Structures are given as structure tokens and as C-alpha cells.
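Residue numbering begins at 1 within each chain, and the chains themselves are lettered A, B, C and D in the order written.
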């Protein structure tokens, strides 16, 4: 029985962790913390959990958290870094869903997040939890950094091309569309229904915090610098990310729909949560809603000698809490798919 | 040329006033106030107004407002009452879209709004701006209280039955469905897209602030006390109110679909903004989106001797800013429909 | 291992059955029929099922169906009645999600559905599968009629009041709001996104096919005739029904929020899928999305001596396929909640 | 007074034409045709037009149409080409909103539309109605081909770069997101609310019918062949197209946010319906909903030496009916903006 604590369980990644963990027999949720809502029953805040979990939020207590086997941080950035060192010292392992330990280059992290990092020495030690890349390192991780939602879809889509060295690296494009839950459960005018429904817009064109994380992952895969455009779009749906990726292929590389299909199928053949769709099918976010799957299609555009990759995921599952649980499974020697095989609610 | 000031033009009723007034040749928008956004161009906040209005928000200045012919208050409740007396003294007329002057019984108002009224003496003088009831009194009004969104639809739907004395008064029901813009343009978790999209719920079942306003209007029409249930629902759409009304008829009253249809058509025959649909058609909020129309259907349920009335309006137009402009037209001797004949954008 | 056949698995109740049954170890899906799509892989039609079910649609074959333990009909009305007799004779049991066997009075059924019933003799034998009313009769049922989506929510909400005899029966009102999936997965202009999004409307005010089914259930509970208004509304959401019910109480009945709350809690205390919310909470369809739960709130309106009941369910689960599975569990002696304890995906 | 006929006014571009034309004093709608709905009042089909237009659909009659000054075709492709020759001979001018006369290369048209063209000789004569490119040719046009919705946004966004010769032509990318109304008002499963709401997907990746039209326009602007990827996406909104365009710049071209901004502002300075947003603002489809505006932002991505252009339009207005009216204004010597200056309904 794995004893679990969750810090900051009042947001969307928090309630999603609870949805995924509450039904499990091999996991015991010990403590949910929230400074603001200490004393409130979790299912008063999240009525969808009525009958499934019977806990109240409590003030965060390092000792109580340290007594857990694993502590999830579902907090905004720049929160976990202040508490993680003490928890690790208590012996608990940490899975951080925030951005605090994702970027290895501290200077870049500090530039994008605008604060000094509180424990830079732990960043090097943290394992980046993208199992499709890092599976070997995850079981031994004490501190695991769960990838961001956009970075997960974008990296998975580009990986086969970069690892094989067939993409030209100077002009990769990730045109990504995210549901509004990606902005979190905080009161903000831009996320109001009346502001974001029935409309589409781009944002962060001049620089989004997920850009350096994506770049880090792509460069690692390519073994070289990459030129990258990342344009996120706010889409009138609750959940889901659809990433449309454009990778020019190197001159001379022979490619076809079939060869790219074969490459992608081979790359992800053993991956339980990456599903390469057959030629002729294209992913829709509805088909992965609530699941830990990333569905991917790949096409060769002969006219421009470019690979077009389309990846769909649920930003709160494979893009956050589901991936966190997948990592937990690996860290604790459980079957990787435990608790993550639910079928999408569709329509 | 009517010189107009708008106080609190940063919310949804404010931008809607601007949409309706900006194209007019007989109206000049002189001043838009916002403490918070003074110095900001209005079309930076509301890009939909680019090219149509070229003003900046300014700090509210009683003298500047007093120099207008009419000042609209598009503020939350309990704001206008502090500024209106001074503006009226300067000679400007006031059209208040908030709740401050709608309810004649000060004790009731104070009970529902939880503050002491700042100028109770003006409440008696204020004209309730439902032209379909009060048209005669509006032209001379110095201070006009624009009805609330729910009260407009509910009153219009019940009026013919109450005025004719054919409805039993002990158990009127208004089951009303509103778009999320009804909650205003303020950051609140409950109005987030991810909270309110793809879901339906009731709220305020134990008492909503529009209840006493509706009751006041219905009692005036009926000339008697009424028993009223008002259940508002939050509906996943941007704009629109659909009110489904149930009025038991008095025993012995002879009624039929045809007789009720005739009653409603006669009652609203001269009303430019109330459209009684032919038997067989039912209103949809999309058909009045962006317009000042209230569409109404009426049916006789023989099984229970009850009239079922369905009324659709745009909560921001006939339910707020459009009705405010309709009142302004009447107050200044302009054709009542000036600037209000736009066709709904459908689909 | 229960061997299952599904006839007409190409609609929304069909895919929902598959979502609920595919993960189970005690159920084997043997055959999925579709005349139109015979030869097509089910997960080509429903990509959400990729990796979870690996079958093709086949032409319906009475022998193959008859060899199953149970056959679900997820067909439009007036289809099942032609095939059910032969299947029953083969020894398989039948769970019909359509309307063919719900209404005991054949004349009424034929009037509302406009065709002659093909096997009226089976209607009397069919068990109406609302476990909260009929649990005792279900285990022995050979032919089970799954209640309609609206009738489930409306009956559950009214039941405690009718069974106790405290509601006045002459003027019950069910104002119900349904998601668009209630119209099924058939191409129809009225169900297009551009027709039904961002809008609200009533329909079927003069008579909806679920009216006689609701009336039958309420009269059975009340032991008397009831006067009923049922007004369904098309709501811009994919799934979900919210039923707002108004039940005038008999004169002299003493009631309060507390007494009604106690009544409802007592009535449903042993029901695994009816959840009476504590006073102060109101149900939202999002909280039951994808689950077999019906959440209910009850309030006493003292002003009009009326009970207001609000019931939320997922029209495709408790309102259709989930309830069908609940019935299957009971028919085959399995735990009633098997395969039905999933948590709502929220947000 | 311009006498207008509309063929096929039962779809979304038809009702949109009516919305734009009905309020005008200089236009008289003479005849609306529909084979299927002959005899039906137009406002029975489109209740939003109640009180604004009082006509019935009639069977198409070449003589009646020929007596108009101008006939709009709001028909599916391969319809207009059969009727246009006779109408032109009668002396009426034709504005075709369908694809029949947009593509000059008949072989390419026939390949993409899968039928033989009925009047290829008229294609050469037809004027392509993108006023921002072709304004000089439009006034004299007898037969005007209104550009497609995607082609309008994509061409307007790329034009300044291509005309100046600063874009590298081998790998232009148009990643476009369209509301569901783009699929028209025909019953189709894929356009159902329950299929397309709360989800995002790409389609037509291997080739969309708008691709050759876009390519034709870009090559004309560039004076050379272009390599183009066009990936359309189905977005859960009613109206709107957001096109995100990526144009690599030629090596050696000096560029910056400021230089691109200046280029775009200069190019569209005199255009009444193209609005280049100031640096720091990005377009949202809501801000142009119901209007004939195309809002454009441009950014220089220094990391990849690429221009990123984002263009937003309403697919039914600037992408169809509004542009048709803009062309009509030009063809009949009216002010170009007549009837097209409405403000977006926002929120």
C-alpha cells in the first residue's frame, strides 16, 4: 500500500489525481493539503468525488507529508521548491507536477519564471518524467518532475523524427491548441466562459513558459540545437491539447506516408500510452478525454518535403496527473498502466 | 445630439451600451468612466469596438458627468446610489442599469442587498423602465431604473395573464435559464469556462435577488399578492435567457391554445420588441441574440388547466443595455426603436 | 462469464454500453450487430474504444444472438419488438434500451409511436427496469425494458413525495433540460453544432413521447391519476439531464427543508446510485458525467407550500446504458454496482 | 434600388446574406429560391429574420432571376455552373459564393471537385472577388467568384510578404481553425453537437478543396510557384476562422517586429475591412463575429527567421456573405462599406 500525500489539491491537476488514485487498492491517500481550505471536505469542493473519497483538506505539515511514501505537488510554479527539500529529507519521494524541476539550466528557468530558484542543487538530481524517453531513470527517482502539458504532446510528436536524425532542425513548428482548463482553476477574466467560449485565439506568441522546456527536450533528442516556433492557442473546450507539428525533413532523406508511419509505429510499439493511428485516421481530443493516451498521426507532405505530425492528449491526464501516476507506478515497481486504463467518455 | 456619459463601462452591460450607441448619429458618447482603467483606450479592453469608438476611460468626475444629457450607470449594485443625487442636481438625467432604484420598498431592498440605501428618497421618484408596462411615465423620468434581466423576461411572460385576472395567484412558477454572461465580467471561479461549460445547474433556489423585483412587478400587474417560485439555472451559453413560466388558471376560466394566443397577441400588438410567435413555433435564445426582442410562446395545458409561457431574450440587450437604450429613446422623444433594429447573428 | 450481444451498437447508447462492458472480466462481448456497418471494426467508428475492444460489426443473426446470455437492444423504437420474440425463444434474455416495452397500455404506446405493436403479449411480461422501484422483479426478468432518460430523472425525483402521499397530484411539473446527445447519433439539422450550441430552447411542449412513460410511473407510485406538465429543453451540452420538479404539497401537510431532506435521505438510503445532496448543495450535470449516479436536491418553498426537487443524471448512463448494465447485474446475480463505480471526469 | 435574387438561400451563407441585405434601403430582395422549401416563409426557416423580411421561398425560375440586377448563388459547388449562363444572358449579374468559378485552371478544378465543369468558358471571364487584391476589376464584373472562407484569411495574411518578395516560397504553412458552421447547414454526423463540441481535430490533411484556390492566389501574389501546407482544423465554435501562418523569410532579408508591422500597416492602410492590430495584441474570432473584418497580427520570430501571421475572420461574413456584399457594393458603384459596418456582438 503506497501512502500518498497531495499538496495543493484544490486545482484541476489535484482533483484529477484524486480521480485516478481514489479507486485504487494499492494506494492510500493519506493527506490533502490546502492552506486556504483547511477543514473543508474535499467532496464539498469537488462534488464529483462524493462517495469516492472522504477526506478534509488540512494545513500542510512537513512531518505528516514526510511520513508518506510519495508526495505529489499540484501547486503553481515556485511553490514546490520551497518545501521539497525538507520532504525529501524525511524520506518521502516527490512527484512535482509544477515547473520547478523541469528545466536543467537554472538561469533559463529563473529568466522565464522571474524568481530565484530556491534549491538549484536539486534540479540536477530531479528526473524528467517522460517515460517514453526516460523510463530507465524513473524507478530510482527520489524527485520526479512531471512534464508540462504542451511539452508532452510536442515532444512525443517530434521524437521519432529527431531521434532518427531525419528532420531539419532549423525551423520546427508546434502549433498547439489547448482547452481552457490548461489555465487552471483560478479566477481570471480571460478564462471566463463568456470570454473564451465560441472563440479562438493564439496567445504567448512572443514566448510561452513551455517553450524552454520543449526546446530542452527536443535538443536532447536531436543531440543538437533546434530552431523552434511554439504557438499555443486557447480553444473553446474544457480539456484537451491538439498539437499540429511541422518538421521539414533534411534534403535527401527519402520519405513517404508509409515510411513515416512505420517509423512512428516502431518507435512507440512498446509504449502503452502512445497510440499511432493507422493512415487515414486523425486524432481528436474527445477520443482521449479523461485517458492517459496520446494519439498520434503522421503524414508526409511531398510538396514541401515535410512531416506533419498531429498529437492529441488530455492536458490534465497524459499532460499532467495521469503522467504523474504513470511515473508513480514506475517508481514503485507497479505495472505501468495500473489505474490508467479507463476508456474515454465519448461522446 | 444627445450627450451621453457611461459610468462603469468596463463590464458586459457597458460594452453592450457602446455597441448600441456608437453607430448612432443622434447620440454622442462624451465620457466613459472607470477608476481602475482610467487612461486605457476602450478598444484596448474591448477589441470588438476598434474603429467604432475612440475614447479612453477616465476617472469619474461629477461635473463632467453632470454636463451630459444622460448618464448611464452600468455598475454593480450599491454604487449608483452614491453618485446619482449629485448628477441629477447638475441637470443630467440618469438611467441606472443596476438594482439600486428598482425596488420601491426600501426595507426589502436593504434586506436583499445587505446595505443601507444611500438615497431612499430618490427611489420613490425613480421610474421603473419596463416600457411595455410603464411607457407613459418614462418620457418625463429624471431617474430611470432599468429592470433586471430575469425580471424582464418573467414579467413580460406573465403580464397578459395577470392583467386579465385569469391566473390563479398562489403558485406561479418561473423556471429560468441564463447564459453565463449574466454573472458579469468579474473573475469568479464559478463562471470559468472549465466550471460552467458542458454542464447545467440550478442556483439561488432559496432566494435570488431578482425575486423581490419580479414579485413587485407581478403584484402590480395582478393587483394582489402572488405566490411565486423563481428558480434560475446557469446554462452553458454566453448570452440569453429562456424563461419557462407556469401559471395555473383560475377554476372556471375557459381557455385554449387559441384563446391564450389571441390574448397575448392583443396585449403585445403595439409592442415593437415583444414578438408573440405563432402556434407551433417555440423561441430559442439564438434567434434574439444581440437584439432587443423578447420572443414569447404560450400554450394551454388542458390536463392541468395551466398556461405555459416561454419567453426568450438576450440578457444583455432586452435584459439590460438594449432596454436602457429603449428607455433613453423614450425619454428624449426619439423613435422608440432607434438603434435597436439589428438582426440576430444566426447561426 | 456472461455472453453479451448488442443490437444496434452504432449509436450513443451502444458505444456507452461498450465503454461500460469492455473493461469487465465477468462479461464477454460476443457480437455487435449493424446492418449498415457490417464488416467495419467498431473502433474505426468509435476511436475512443481503440485498444479496448477488437470486434467488427456483423449482420444481425438471430441464432448468433440467441446463443448469447443476454442481448441488449440499443436501437430506435419499433425495431426491437420485431426481433425480441425469436431471441427470447432461443433462451437468451433481452435488455431493451428502446421504448418498445416500457408502456403497459398498448393503445397509448401505439398512439404515441404511431405504429402497431408487433408483440403486445410480451409487453405485459416485460419488467420495467427502474431498480429503485422494481428491484425485486428484475432478477427473474427475461425481457427488461430500460426506462427512458427523462423518465428516470423525473420519477426518481418525484417518488418519495408520491409514495408518501404528501404531494397534491393535480399539477406536477417537470421542467427538464437535456444535452444534445439525447437526440441520438443521427444526422439531423436540429442537432448540428451550429444549430444547438450557445442557445437554449424548449421543445415538445405539446407532447413528448416520454410523457406517457413518466405518467405511468408516477401514477403507479401515487396509486392515483396525476396531472403532469413535462417541458423538455434542448441544452447546449453533450450529455446530462437536469430535471427541476415542482410538486405542490397537499394542504395541511407539514413540511420544511429538514423534513423533506429526511424523507429523501430515508427513501434512497440503500440506493447505490441515488445520492441525496446535503442541504445547501445543488446538483450539476458535470458532477455525474459518465457515471450511473442520479444526484438529487430537495427544497421546501414555504411561500407556495411546494416541494422543489432538482435531479441530475447523465442521460447516456443512468438515463440509458448504465441503467441497462445495472439491470444486467441484477438479472445475473452480480453485485449491482459492478462496472459502474467510475468517477466523473470533472472538469 | 438594386434588385436582388438569391439562389439556395436555405443554408448559412444564404441566411447571412439576408441578414446583411434586409436592412438596406438601396437593395430590394426580389426572390429567394429553394426547390425543397418552395412555399415556405423564410422566417419560418430562420426565425431570426422575423419582422425583417417577409418573403417565401419559390422554385427557381430563370426568367424571374434574370430580371434581377444581381443574383447571388449560395449553393453547394457544381450547382451554379448549370444556371449561371442563362442568367447572365438575361442581363443580370451573378455573384457566386460557391467554388464553381474560383479556380482558373479547369483541369485542377475538375480534379478536386470530381465533375466536369459545365461552362469552362465563363471561368476565364469570372472575376475573383478578393477586393484587397482585385478591386480594380470588380466594378465591371458580370460574373463574380467570391473567395472561399479559408482562402480569404490565408491570402490576406500572406499577401504583404509575398508581394514584397521577402518570404521564402518553398515551405509556407497555413494552420487554420474553423468553426463548425463552415461545414454548412446540412445534416451530417460529423457536424453534430455531440460529435464536435468540446473537442478539436484536424481534417483534410491530405488535401482540402481550398488548397488549390489558396495556392492559386499565393502564386499570383508571389509571381512564382509556392510550396504550401494547409491543415484545417474543426474547432468547437459556431463561426470564425483563425489562420496561423508561418512564412520563412528569405536569407538575408532584414526583419523585425517593427518592420513587419510597418509592412502590414502600409499594405492595408486603405483597406476598410483589414485591421492590422498593434504590436502586443492578437486577434480573437469573437472580436470579428458577425462583421466583415479580418484582423491580422504579425510577429517576427528571430530564432527561426520566420514571420508568424495570425488572421481572424468570420467565415460566414468576410469569408462568404459579407465579402459577397462588399463585391456587390463595388459592382454597383456604392460605397464599399455600405451595410457592412456592424459591430461584433461581444461577448
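The rule we apply is simple: a contact is a pair of C-beta atoms (placed from the backbone, for glycine too) under 8 Å apart; a residue touches a chain by one contact, two chains touch by 3 or more.
Quick caveat, the model's predicted, so the values are computed rather than measured.
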{"item": "Greatest separation from chain C - chain, by CA centre", "value": "D"}
{"item": "Contact-richer chain pair [B-C vs A-B]", "value": "B-C"}
{"item": "Computed distance of Cα centres, chain D from chain B, in Å", "value": "37"}
{"item": "Gap in Å, rounded to a whole number, between the CA centres of chain C and chain B", "value": "38"}
{"item": "Inter-centroid spacing, chain B versus chain A (mean Cα positions, whole Å)", "value": "45"}
{"item": "Per-residue multi-chain contacts in chain D, two or more chains", "value": "12, 179, 181, 185, 194-195, 197-198, 236-239, 283-284, 286, 289, 347"}
{"item": "Complex contact set, residues of chain D against chain C", "value": "12, 179-181, 185-189, 191-198, 236-239"}
{"item": "Chain A to chain C touching residues, read off their complex", "value": "12, 15, 19, 22-23, 44, 46-52, 181, 185, 197-198, 238-239, 275, 277, 281, 283-284, 286-290, 293, 295, 341-347"}
{"item": "Contact set on chain B toward chain C in their complex", "value": "170-171, 173, 175, 177, 179, 194-195, 197-203, 205-206, 227-229, 231, 233, 235-240, 242, 244, 246, 248, 282-286, 289, 297, 299, 301, 303-304, 306, 308, 310, 312, 347"}
